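Here chain A shows up in two complexes: once beside chain B, once beside chain C.
This part shows the complex of A and B:
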């Protein structure tokens, strides 16, 4: 049973870290330096403060929708008290200043009129917004003037009927997804509609959508907040990593919904590769640019019908199979014109022919190199999917194990841990290949590849054990082996990531291909 | 949509009753108030002077919540109008973010007239015309006058 204890402490350390991050946030947010001019990535500091924190971990905090709303409300209340303005106006001002409270207060103290004007609040008259029936009113939008027509005007005094207002707002909210900056419908009026007035003018479903959009703008306006990209997840993550730090750190965060993603670019966790490299790599894979290179090295388009033609013989007199167009492979001109200018075309061939051969050779070598890394990258992606299928069967396996061997629920959790380790390690391995593609050859790279190899061998070994059938899995010996291997995989991953992150933070990687 | 019908009818009556100088309006088809034919005189002092330019104004079904569409049916050499069969025009007031439901066709028409008198090369859709307008005004004016004579007489 002692191994069980080991396993429990070893396996759950990851989760502990996540919990710890949330608990320690108040303390550690400061030393992470949200407002510090020099990006102190806090590696050494963190090691002192939190022994368990790994070098490649970043501080972050998960917020639920109600937290995000509460944050906005707090800021609004604060501005409402300090500047003594209506809450609706405070909200509009804050949105105008992209939730930078300090700048808002400073600017407002300096010249309140100009700030109000710029934020679309104009001169203010007190009183809550209300619908009114004004005798002799004619709506400037629909030209209706029937008696009893309900109308509304914001503080700017531009009055329109409720129906037109409703349609205008519906279009802005539903079609244009606009919320924070909807202006008065009057031509040239920049006054922004506030939440209270809006609630008076539209139906409940639009109100809800409007408030959702408003909350979105709060998160989108703040550099250190991002939405969790997982489908149906409504949480936001706070992290102090700034855009300019992204060449030195890969900020992977984990939402409460368990989704692991990069705070820098919102893609799924891609440690150890930095965001810019990931972007380049994905573009390269998507373009299938190497195929394109081959096509450009070996084929041309028929000048008449644009079919792609591969030259398979020595003769430059080409006849397109599709449209029967006859042309010269070298100059792409009409073959019929070659009676007199043939000599020129021939000399052109000598030069460009050797160039084409060089280009072709270069293209081949770089293609092979790319395929080496791509195949391994793609293989881990594929294997992770297969492991996941097995993971889905794991639960059934664990139940079977419980009844077959009489083990308790807690005693079969090692399979779950193994499965999770496989997922995270493969995700890491996958990106090590994209990373390696861009690396130049030197000692550091060799150490990196050694780490990569160690992790890969451990992962493949674990993956193999994991596929055994229930009877075998129930054997105590295999169970211990799986637990040891799981723990080893996790350790190898941490070593690889720590090493890579350290070199990245210190800027000592040298790149063979710029990204 | 009944409300847009009422508004359009009113705007049409205003433009017909008190047309801006140098602009004539009539419906493409008497039963449909959504399509307007416009004939605009080239502004005095501009290279378009003396020309009569035909335009088509189309009001979408959700007008006035969506802006009208306006295009030149007569070819015109102008930085802000495409020099092709579409004659598409780039004009600030018709951009979706600038258009307001209370904006009026009358202002669209006068804005178009102003654009003829004073092109805005920084908002150009016909870049070669904009280049010439900026770098070689006499050449641009000469060409614009020639095209006016050729297409707009």
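This part shows the complex of A and C:
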């Protein structure tokens, strides 16, 4: 690790050096801005605090459940005012138009009747929804006709008793997870039940579930909104990246819960590799990696016909089932040259043997190439997990350090930063190997590999320092080294990602396969 | 079961009173499983002089949930040939699925729908992939996602 001391001096002081170039690019990233102005919910101050934007960063906003609700309410209020219709109806119309307010207003202005019909709102009869007792009423669902039976009908006039309505809605909400498009129970009636009628008909727990599901459809209906996939996280992220942009950008977003994920495919952050590549790589790994590893470890190829052979008996005298070639499992040479000395192959230098081994090596190049990248990919994944274990011990370490060295809480935070740098850098490194697997070899690839090498060396060095025990960590010299290395790692990561993102945006990478 | 049995009791009373032509009740013991026979009344050559047996299975939440309806295959009651009926008796019909079902439907209306589904059919054939479906299917009809792609038959 001492070999890197030369480029560390002075690095941590001016972080902006490497970022300057990328800052000019901010304008281009704004192209992925939002189509419609969103209500300001007081997030702007927060954005100012966020760290400076880099070329590979995309614009995004994090919304909490109450913000999502507020957005819906605002849209509903707006439509309610402009079109002068009930709020419940405005909500149904908006959901029908997948929350595209402009299209809804335009269509409604043109032909209101048709829009209402299509959204299941049909012809209007005034008055709020209410339960009624109609003399002589018989419910078509339960065939009940006792006097005093409470019943309900939406504006379509299909009347059912309260019990049946309740059962029906419970089934739809609880069992089928429906909310925004629950239709009237009558056969063929497309009328959709509104929130106010529903609240009248079901118990409080179902009402709550119903509103949860409604909120969910809002996020699911909007192309620019996605749920944070972290377990138990209820936030949604807004990002303007469209599907067609995904071969040019890797839209990594960070939720308030700290989860970093790709807005394009919802998988964990996979910069610098684009989504399509990630999809292929994961599929390939799922399909091939175990098999490939096993083939590599347990089989050899017949030196004559290249059939893959697994040794299943104790003897080294192999006879290929396909071509009947006889060879030695140990040295791969001709069996006929082994005379009677079989069982203890001492023929390693034999010409036929070394030729056979060369040929074997060549035929395994593509397998070995894949395993090269896969093993490094998997290694970073594994190491990140191990680093995380250490991170979990960091807090304890930091408390120990505070008492051992007399440092204050703020002074030991460098360990926290180091740990976070390790996690993000390993995540990036991991995906550089999947990325490299699909790259065709040229000058750009070599620059990429240099960047990869620099980052990897720095990360491994930091990881090693990070494992030191408390006594050593307490030394001011190591602390400075860790801080320097942390900042260096982050910097190398930024350089690597900026470079790859730039080339991706300009479409100059050449791939070994077609996307 | 109270919910389903009340309604089924009323349906049964009505069925005992009268049923449309071509539909007869075979057994209705308890409120879990009923058998009914149906016949096609016009001169459709595919179904002429044949009687088909339907098995209805009701869940406790019937009629909120649709019943499970299949054709039985016995010596004198074959499974009718139809591009939406598999040879094991499973029927692909939207009104029997959760999406197409309405609690207003009942045993009689289902029988009539099936009757007219047969009456209108001119294709003496099984659904595509029938053999494979029948060999591999272990699911109950309600759990199968039929793709109602063809509403012409």
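Everything that follows uses one rule, which is that the second predicted complex is superposed on the first by the 388 of 515 C-alpha atoms of A that agree within 3 Å, B and C clash if a C-alpha of one lies under 4 Å from a C-alpha of the other, contacts with A are read in each partner's own complex, and residues count from 1 in each chain.
Keep in mind that, in the parts below, a residue touches a chain if its C-beta (ideal position, glycine included) is under 8 Å from a C-beta of that chain, and two chains touch if they have at least 3 such contacts.
The structure displayed is predicted, hence computed values, not measured ones.
Chemist: With everything superposed onto chain A, say whether chain B and chain C fit together or clash.
Modeler: By the criteria stated at the top, chain C and chain B clash after superposition.
Chemist: Using the touch definition from the top, say if A:142 reaches chain B (first), chain C (second), both or neither.
Modeler: both
Chemist: Of the two partners chain B and chain C, indicate the one touching more residues belonging to chain A.
Modeler: B
Chemist: Taking the superposition on A as described, I'd like to know which of chain B and chain C A:187 touches: first, second, both or neither.
Modeler: both
Chemist: Taking the superposition on A as described, I'd like to know which of chain B and chain C A:282 touches: first, second, both or neither.
Modeler: The answer is neither, since A:282 touches no partner chain.
Chemist: One more residue to check, A:171. First (chain B), second (chain C), both or neither?
Modeler: both
Chemist: State whether A:233 touches chain B only (first), chain C only (second), both chains, or neither.
Modeler: A:233 sits against neither chain B nor chain C.
Chemist: Indicate the residue numbers of chain A shared between its chain B interface and its chain C interface, in ascending order.
Modeler: Overlap of chain B and chain C footprints on chain A: residues 140-144, 163-164, 167-168, 171, 176, 185-189.
Chemist: Mind pulling up the chain A residues that touch chain B in the complex?
Modeler: Touch residues, chain A against chain B: 140-144, 158, 160, 163-164, 167-168, 171, 176, 183-189.
Chemist: What does chain C use to touch chain A in their complex?
Modeler: It is residues 3, 6-7, 10-11, 61, 63-65, 98, 102-105 of chain C that touch chain A.
Chemist: Considering the complex alone, what residue numbers of chain B touch chain A?
Modeler: Chain B residues touching chain A: 3-4, 6-7, 10, 62, 64-66, 96, 100-104, 107.
Chemist: Taking the complex as given, what residues does chain A use to touch chain C?
Modeler: For this pair, the touching residues of chain A are 140-144, 163-164, 167-168, 171, 176, 185-189.
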